[in-house]
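Structures follow.
Both complexes shown next keep subunit A, but they swap its partner, so subunit B is in the first and subunit C is in the second.
So, the complex of A and B:
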C-alpha cells in the first residue's frame, strides 16, 4: 500500500504546513491582486470590479509618483551606504583578535531592536533644540546646520534613512562576515606571496570570492528597503508634506487611513511586483553560483 | 610586525572605535534618559550621565493607571511564544517532508515556500485584515498568532529542510530495517537530533515576532489585545515630551530580545547568515 503510493508519507508531513501557508500567505497575496481591480472603499462596503481603473488613476496620482521617487532614492541609498559600510566593517573585523568579538557584537546590537524603538530613539537624536545631533553641530560651531532635520522637506527622508541604516549596516556586516569565512585562506596567502598588496588582494581575490554573500546582502537590503514602513511611520509618518512618503507608507495611508482598500491594493501590487523582480533575480543568481560550485 | 603594519593596525582600530562610539550614541541616550528624573532632565539636558539611578520612569510606564506596559508585555508574550512554537513546528514538518523524501515537484514546492520569506507583508495586509474580520478574529491576539505562524513557515521550512538533508540516510534506513515506521523515525530519531536547528529558529522567530509592529498595528485595536511595540508607540503619542518615560518603555520592551542577544547570540547569528555562505 505504502509502496504503491510513495507520496503519501511526505504528503502527510506537508499537508498541515501547506494548508496554513496557502490559506494565510498565498491566498491573501492572490486576493490583493483581485482587490486591486475593484473600487472597494471601506470594510463592509460593497465593491465592484472596475478593471484597470485603479492602475490608470495611480499612475497620474501626484502622491504616488512622489512615493515612487522617494522609494527610488531610498533604494539607491540602501544599496550603497549600508552595504559598503557593512562590507568595510566585516573586512576590518574578520580577524581572530579577542577585541573583535566585542566590536562585532556591538555593531550588530541594533539588529535585535524593534524598528519602532529605533524610530523613537532617533527622533530624540534629531530633536531640534535638545537632540545630540544638533548639540554636537552647535558645539563645533556649525550653528547653521543645526536644523529641524525631521521637519524640513529636504532633509526628512535622508534623516530617517540614516536611522534605518543603523540597523541594516549591522545585518550586512554579519552576512559579509559569514561570507568571509568561506574565502579560502591559502588563496589569500598565495596572492600575498605573489606580491599583491592588500587592495589588489581585496579587489582581485576577496571580493570575487564574496559573491554569494554579496548577492544575499543586496537582495535582502533591497527587499528590506522596499517594505520598510515602521521606522518611517514612527519618525515622520511620511511627512512633512509627504517628503518621506515611500511606497509602503503610501500603501498604508491610502488603504487604512483613507480606507481606499481597492486603490491601496493596487499600490500593494506594484510594491509586490517590484520585490518579485528582486526575488527572481536573486534565485537566478543563486542558481548560477550553484552551477559554478558544482 | 614591522612599524608600518603596526601603525596601520592602530589607525584601523582608532577609526573602528570612533565608528563604534557613533554607533552606540543612540543606545547610550536611551539608557541615561531612562534613569533620569524629570527635574534632572530639566536642569541638565538629556545626554549627561544621570547623578542617581531614578526608577520613576519605569514605575510610571508600568503603572496600570498610566503607561500600562505590563499588560502589553503580557500580550506580546502570549503572542510570541505560541506563534514561534507553531511556525517552528509546521516548518519542521514541511522541512522533513521536503528534506528526507523525493517526489514529483518537490523542488518547485520548496521554491514556492521559500519565496514567501521575501514577500513584503504589504501584499497580504488588506486581504488578511478582511479575512480576520470575516472569521471573527480581528482585534484578538489569535489573528496575529496565526499570521506570524503562517509567515514564519518559509524560514522555518528552509532551515529544517537544509538540516534534515545532511542527516545521514543510513540512520533512517537502519531504523526501517529494525521495523520502525516513518512516524516513529521522525519523532524518536530525527526530532531529538534537530535541537541545534530548533534553537536557531527559536531565537530568530522570537526576535522577529516580538519586535514586529505592522501586523498587530493592522490586526488589533483595543488595549486588551495591544502588543508591546504598538503600546510603546501609543505612549509616545500620549507623552510627547516625556522622554524619560519613552526611554524606560523602550528599554523594557527590548529586554527579551537583548536577553537573546547576550545569551544566544551564536544561534541568532547562525540563523541570520543562513544561505550567505553557500548562496
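So, the complex of A and C:
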C-alpha cells in the first residue's frame, strides 16, 4: 500500500503540524477577517454583518491616520537605527577575544527579556525625577533636557522607540555576527593586499557579502516593528493622547477600550496585509539570493 | 444618578444606625468557583480574604484564583466575556460599563437572591435604582461607594494660612497663595487618564449642573456648548496660571497623592480611596490630611456629589452561578462592607453599617453626600464606553495643551457625535 501511495508517510508526518497551524494561525486570522465585516462589540452576544463599512470608515478616521503616521515613523526608524547599530556592534565584537564574548552577551541580554519587562525597565529609566536618563542629563548640566519623556506628546513615541530598539539591536547584532562568519577571510585579506583601507574593505567587500544577513535583519525588523505592541502598551498605552499610537495599539484600543471589536478587527486586517507585503518581498529576496548562490 | 432617595436613605442611616444582618444562603455549594476583581492594595488583599473565607465556608467549593492588575482588568474581563469563559463573579463599576455588558447579554439578573434575602432593605433606594438596576432588573450587589473631593496637606494649609475654600474665588486665592510660596496648588496624576476626568466632572457639575451633564453624557448636548466651554475655560485659567504640578501626564494618581503628602503640592482632586492610600503611608485622617468639597461656583446650580460605586456581578456564562450568587449575598454582610470601606478609606453602601464606625474625615464626607441633592457617576462611567475613551484622551491632551481647549472640544464633539450616531 505504501508503495502504491508513497505520499501517506510524509502526509501523516505533516498532518499534526498542519492541524496545529490551521487551528492557531489560519483559523484566528480568518476569524479576524470575518469580524472585520461586523459591528461586534467584542463582548455582546449579538452582532450585525456590516459589509465593508468598517473599512470605509477607518480611512477617514483621524486616529487611524495618526496611527498610520506613527507606524510609518516607527518603521522608518526601525529600519535604520537598530540595523546600523546592530551592524556596528557586530563589526566591533566579531572575533574570539574573551572581552568580545562578554560584550556580546550583554548586548544580547535584552532579547532574553519579555517586552513587558523591557517596558517596565525603561519606564523607570525615564522617570521624570529619579530616572537614570534625567539624572544623567542633570549631572552634565543639561537640566532643560531632563523632561518627562513619556508624557510629552513630541517625545513619547521616540522615547518608546529607544526602548524597543534596545531589544531589536541585540537581535540584529547576532544575525550580523552570524553573517560575518560567512565572509571569506581570503577575500578581506586580498582587499587589504590590494591597498584597501578598513572603510573601503567594509563598503566594497564586507557589506556586499552581508547581503543575505541584511535581508533577514531588515525583514525581521520590519515585521517586528509593525507588530510591536507590548513595549508601547506597557510604557504609554499609546499616549499621551494617542501620540504613541501605532497600528497595533490603535487596533487594541478600538477593540478592547472602545469596545468595538469589529472595527478593531478591520485595523488588524490592514496590519496583516501590510505585514504580508513585507513577508512576500522578503521571500522573493531570499529566493533571489538562493538563485545567486546556486 | 442617585437623587433624593440616596439622601433620605443615608440620613436615615445617620440617625438610626440600623443593624440588619443579611441572610446567607446555607445551600451546599459544589464545584470550582472563580471570582475576579480589580482591587489593589488593601482592597485587593481583603477581597482575596473574603473570597477565601467564603470558599472555606462551603466544603464542596474549590477556588480558582485569577488575580489581575487593576488597569489590565478593564480589558481582560472583556476578553473573557467575549470568549464565553468569564469568572463566575467579578467586580465591576456601576453605570455605563455594566449597562454595556448587560446590553451585551453577558450578565445574569440576580432578582431571585435579591428577593430571597430581602437585600432591597439593606441598600439606599438611590443606589439600587442608579447603580444596580439595568433594563428594569437587578444585576449587581454594591461593595463600596467612593466620593470625589479635594484632599489636602493640612500642614501646608496651616503654614500658609489657607482655609479650605468654599467658593471658586477662594480656591483661586488659595492657589495663588501657594504659587507665591513656590508650591504648585494642585497635583494631578493623569498618566492613566482617568484622574483628569474629576476636574472636568466637577467644573461642569458646579457650573452647568447635573441635569445638563446628563444630557451631555447621553449625547443630547454638545461638547462645544457654552456650558462645556465655560468649564474648560475655568480649568484653563488654573492651568495657564501655573497652579498645577508640571507634567501631570507623567504621574499616576498615587504619585500625585504622594506629591501632596510630601508637601510638593498642596491638594489633589481625588476619590476617597486616597484616604486608604494615605493611611497605608502612616498618615492620620483629619491630622495629616483632610478634604474639602469642590467649591461652589454658581449659587444657583444645585450641588452634586461625584464618584464611582464598585459592585460585584454574576456572569451570564458562569459555570457555577449558584456559588456566584451566594457570594454576592455574602458580600452584603455589614461587617464585610464596613471592613472593606475602612481599609480602603471609602464608604459602605449597606445601610446596616453604623455611620459612627468611620474616621472623622469619612464621617464628614457622609454628611457631604447627604447634603448634596444629587450624586453623579464620574465621566467614564456615565457615558458610552467609546465616548469615554475619547474624553479621557482629551483630558490628557488638555493637560498638555490647555490653551487649545476649544480645538480639543471641537475634536471631541466630532468623534463623540459619530459614536453616539453609531450606537443609535
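Assume the second predicted complex is superposed on the first by the 293 of 294 C-alpha atoms of A that agree within 3 Å, B and C clash if a C-alpha of one lies under 4 Å from a C-alpha of the other, contacts with A are read in each partner's own complex, and residues count from 1 in each chain.
Rule of thumb we're sticking to: a residue touches a chain if its C-beta (ideal position, glycine included) is under 8 Å from a C-beta of that chain, and two chains touch if they have at least 3 such contacts.
Computed from a prediction, not measured in an experiment: that's the story for all the values here.
By the touch criterion defined above, A:208 lies against neither subunit B nor subunit C after alignment on the C-alpha atoms of chain A. Look at A:184: by the touch rule set out above, it reaches neither subunit B nor subunit C.
Of the two partner chains placed by superposition, only subunit B is touched by A:279; subunit C is not. Contacts of A:240 after superposition: subunit C is touched, whereas subunit B is not reached. When the shared chain is aligned, subunit C comes close enough to touch A:128, but subunit B does not.
Contacts of A:148 after superposition: subunit C is touched, whereas subunit B is not reached. The wider contact with subunit A, measured as residues touched, comes from B rather than the other of subunit B and subunit C. In the overlay built on the shared chain, the residue A:111 is in contact with subunit B alone; subunit C does not reach it. Of the two partner chains, both subunit B and subunit C are touched by A:261.
Contacts of A:51 after superposition on the shared chain: neither subunit B nor subunit C is touched. Note: residues 43, 252, 256, 261 of subunit A belong to the subunit B contact set and to the subunit C contact set alike, using the contact criterion stated above. Remark: subunit A residues 39, 41-46, 62, 128, 147-148, 150-153, 237, 239-242, 252-253, 256-261 touch subunit C in the complex.
Against subunit A, in their complex, subunit B makes its touches with residues 12-13, 16, 19-20, 23-27, 29-30, 33, 45-47, 90-91, 93-94, 96-98, 100-101, 103-104, 106, 109, 111, 113, 115-116, 118-131, 133, 146-147, 149-151, 153-154, 157, 182, 186, 207, 210-214, 218, 229, 232-233, 236, 243, 246-247, 250, 253-254, 257-258, 260-261, 265, 268-269, 272-273, 275-279. For subunit C in complex with subunit A, the touching residues are 74-75, 78-79, 81-82, 100-101, 103-106, 191-193, 246-251, 385-386, 389, 393-394, 396-397, 400-401, 411, 415, 419, 422. Those residues of subunit A that touch subunit B in the complex are listed here as 6-7, 9-14, 16-18, 20-21, 23-29, 31-32, 35, 43, 89, 92-93, 99, 103, 105-118, 120-125, 130, 132, 135, 166, 171, 174-179, 181-182, 211-213, 215-217, 219, 223, 226-227, 229-230, 234, 248, 251-252, 255-256, 261, 264-265, 268-269, 271-272, 275, 278-279, 282-283, 285-286, 289-290, 293.
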